[in-house]
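In the two assemblies presented below, chain A is common to both, partnered first by chain B and then by chain C.
Let's look at the complex of A and B:
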């Protein structure tokens, strides 16, 4: 149960982050890869991955048992392994003191679970000698909150445990949800972010999905998680303040042709609420989806002169983890460029299912 | 009338041991015929159901859930599987 924490946090900050990406495990590989501009998308081995794609942004050599050990990993699926690994990295680097208060430390993870696990389990039930001759240990993988629950159990996070799903905007929605939990006093430190896996079934589905009238782009995978807490708590526990969360806004759109208008309103509203102007935004990490959706996003950001950070073109379409990679890229860039101190940054997403979102941060 | 239940051969016992060790995440030499799954190998109820389900699939047999109470160690599992195969 979440502990009562008294006064609501005055200022929510990001005080740590971790990433597993097509550049490898960890922040250094991610930051180095982005800085070099090297595309992290590689040819796929058709024997391992019978998919209608020639290349993808896989976490290089990711092997669940090698990373997490043999205990508790026998039936773990890929997205759960990626999530648990990334949570572990974040806690290892920034988790000092959090273990002392496990009930107030929680996880808000953006994921839609594993479509591969869902389809495998269903197929076993249909093709086995009897419908119930399935592997019961794989059943938990078929629900979307499996990665969130398993990660928290593995790392003893006893606070709120929430799974959020919202396509390309997922990570922005996760951060919004986590902010609300903290403001409501339902925890003192929350890990928020998103995770996605590459799989045969995801690839086959994405191949035939609508990509704004454009050809499908290579898929990516990975996870990025951010430690969210009150600024005073962060300083007290010796964690760095990396960025202050100024707010986020979301809008729904029915037709793709209205996505730009929806995003434009999100951006205008979140800037107005922070008392900022478009000129204050120094750095922008847009979702850059292909086709019409991408053009809509571009038009919405037309009035903003800040530098654009390319992410998707380098790591692929990371699905639910897309905006998490964009935010991670912003933090990596801020760490490398001291001129960004106290400057504003915007992370935006437009999802094909009709969600537009914008997150505004002040970098520290 | 008494029926003699044929004992499992070494291959079948080996198959069962592989299944149990895989599910309980143990090395083959960590388990003896009489070491207890729950008390000595940290098995919980989901693990024992997994063992039961895997045996059913592997041997094409049907095991009643009530047999779980006898499947506390390898010797118990061998006996339960031998009986189910004889039916």
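Let's look at the complex of A and C:
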């Protein structure tokens, strides 16, 4: 079947999701952990992780070969393992019928790849007997689309395969990218979301980054992916409609003091486009970045009375996967609370490089 | 394909390349068949048997980056910002005008700021694992490639995204801009790609045996591989209505694009999947293969790529192959910028009526027998051109551009 078929989707919905988080692999661990309010951040073993952090939100005991088997994993890096694992979980639970149409099924993954893989490769080049004596099997790991491409190989996803990046807003940008691809007729079902790894080099780099004037928070890792398709397609294939994507809006701010204004406009615009009012928003999963950025986000959401779901404080700063965890938290909450049916929910992000974004969904 | 979409045109080009910075120098370089190949100075190449690349040696970041400290941006982001400034000016727009409309900035890349990561790794190796250059460390994240443009131009009503889909990333970013404008989500888009030469990538390709010892010779019987390159290409796109309303000079219309994923091998290209991508692009653009006047190939000049790519083209086009060229023979493989710069070259070709040559060419390989417009540009009356981008991860993206005044009205697919 061709990648482009039929009319553009009338109603884009989320019809499945999967998550790998510091609470463990799978939705149950994530939902249970969030519901209990237990912090999934644990002390780091300094011998394994020589990093300038005392603790982090690691996927407990994550071992690529144990999860994915030995085949094709000899040179696989951590972020690729996390992404491929999460894609696999989603397809296993919700993928019925998708394998019959691999050319219309794709993946839009938010990730900046692995700085660890990139720096390890250069280190080998600089410290080996010859400057070119590097492991060629690890070269693809140094390209940022590796987790996306490898996930497609393992799970035969032949439709659009796109990697996007935008800091804390990455997952919102990824869902937006996937929505446009579906509306443009480039696929029928797309997995969209984001993945991040914990690594020594990421920790060293993050330690000196700008955290809104505050101290760096513990880092987290993991991935969350969402199956996006037309509502009619979802129902036809027997998948549940978990939420309808009403829209996303993004704006930029030149300095941190303007971040709140930017986000406020995003929220107002995305609500207006959906014909909704602030009172319709029952549930909000904000990014809660540290320092000034967090204060700006808080002030932007001031006029909204919906319940706040804390995520970052429980799982750590999950980098590219941050907003993916926030959306996963919303879906976990909706599953547990029938009062949220037909109510609106907002996921927001404020990134230190100057992007504010808001995603609006109607829960089902 | 879908009803009531806006037509999308390219009205501004910004380019930073090893054969010229700025659209006029680039166009002149393409017509003249200039080569950017030279010995690498970006890093110490001691120990490599050969080390040519298409390096940019005359780039002055201060000339383009005035609203932020150039040190806050890595070399790839600096290229991207410079190219964006050029594209806005080339479109006859003021930056204030761009600020006044809703826009998208999408920048593709392969390596992001891996050159900075090379530098940080080098520091760790020579001075200890705890030694970090904080200024450099803060600018390594790929989001900065697109965010740097937004900051420099002072954009606020903008969606900012970096697209690290490896060596086809430029086409992904341009295709995304096409969808965002044609759907009416945004009015303008600055889209393209950027990358900077780095040790990491040179070493990887060298280890794979795919770096040419002297120059890049796509489709040649004696081709020996790629030369790594660097630069940025940014296209300013807007709806046709917007361009006509302000009397803009139009380079080309974006007719559509297609994507596919091999889902088979991390680095080896897959003929059937590339053919599927080309077919998807034609369908999306509302054209037939026979409409294509020339193909700007991915054309890396490796043994495997050129045979596989031409095989895929043959699968779609049959025996009547359009002329198929590779500008990588001139500017090297500029990674995430490659298909963006090739898109810019296609837009120039459409406007000016010429096909850029494949330089360094001696004998065409019968295994990938195409008319590659050897060594000298030719004049041609062009209506539709196709730009191929293929990448690691089996990520294919094919873009179709048309001369706007004669472009066929896209039909329902």
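For this structure, a couple of remarks:
The rule is short, and it goes like this: the second predicted complex is superposed on the first by the 362 of 364 C-alpha atoms of A that agree within 3 Å, B and C clash if a C-alpha of one lies under 4 Å from a C-alpha of the other, contacts with A are read in each partner's own complex, and residues count from 1 in each chain.
In this section, a residue touches a chain if its C-beta (ideal position, glycine included) is under 8 Å from a C-beta of that chain, and two chains touch if they have at least 3 such contacts.
Just so it is clear, the model here is predicted, and its values are computed rather than measured.
In the overlay built on the shared chain, the residue A:183 is in contact with chain C alone; chain B does not reach it. When the two complexes are overlaid on their common chain A, residue A:353 makes contact with chain C while staying clear of chain B. In the superposed pair of complexes, A:136 makes contact with chain B and with chain C alike. When the shared chain is aligned, chain B comes close enough to touch A:71, but chain C does not.
In the superposition on chain A, contact of A:167 is made with chain C only, not with chain B. The larger set of touched chain A residues comes from C, when the choice is between chain B and chain C.
The interface of chain A with chain B overlaps its interface with chain C at residues 132-134, 136. The residues of chain A lying in touch with chain B in their complex are 70-72, 74, 128-129, 132-137.
Considering their complex, residues 1-2, 45-48, 109-112, 114, 117-118, 120-122, 124-125, 129, 132, 134, 137-138, 140-144, 146-147, 150-151, 154-166, 169, 172, 176, 179-180, 182-183, 185, 199-201, 203-204, 206-208, 258-267, 273, 276, 279-280, 283-284, 391-395, 413 of chain C touch chain A. Partner chain A is touched in their complex by these residues of chain B: 22-23, 25, 46-47, 49-50, 53-54, 56-57, 60. For chain A in complex with chain C, the residues that touch the partner chain are 2-4, 7-8, 50, 102-103, 106-107, 111-113, 115, 118-119, 121-123, 125-127, 130-134, 136, 139-140, 142-146, 148-150, 152-153, 155-167, 170, 173, 176-177, 180-181, 183-186, 204-205, 207-210, 250-254, 262, 351, 353-355.
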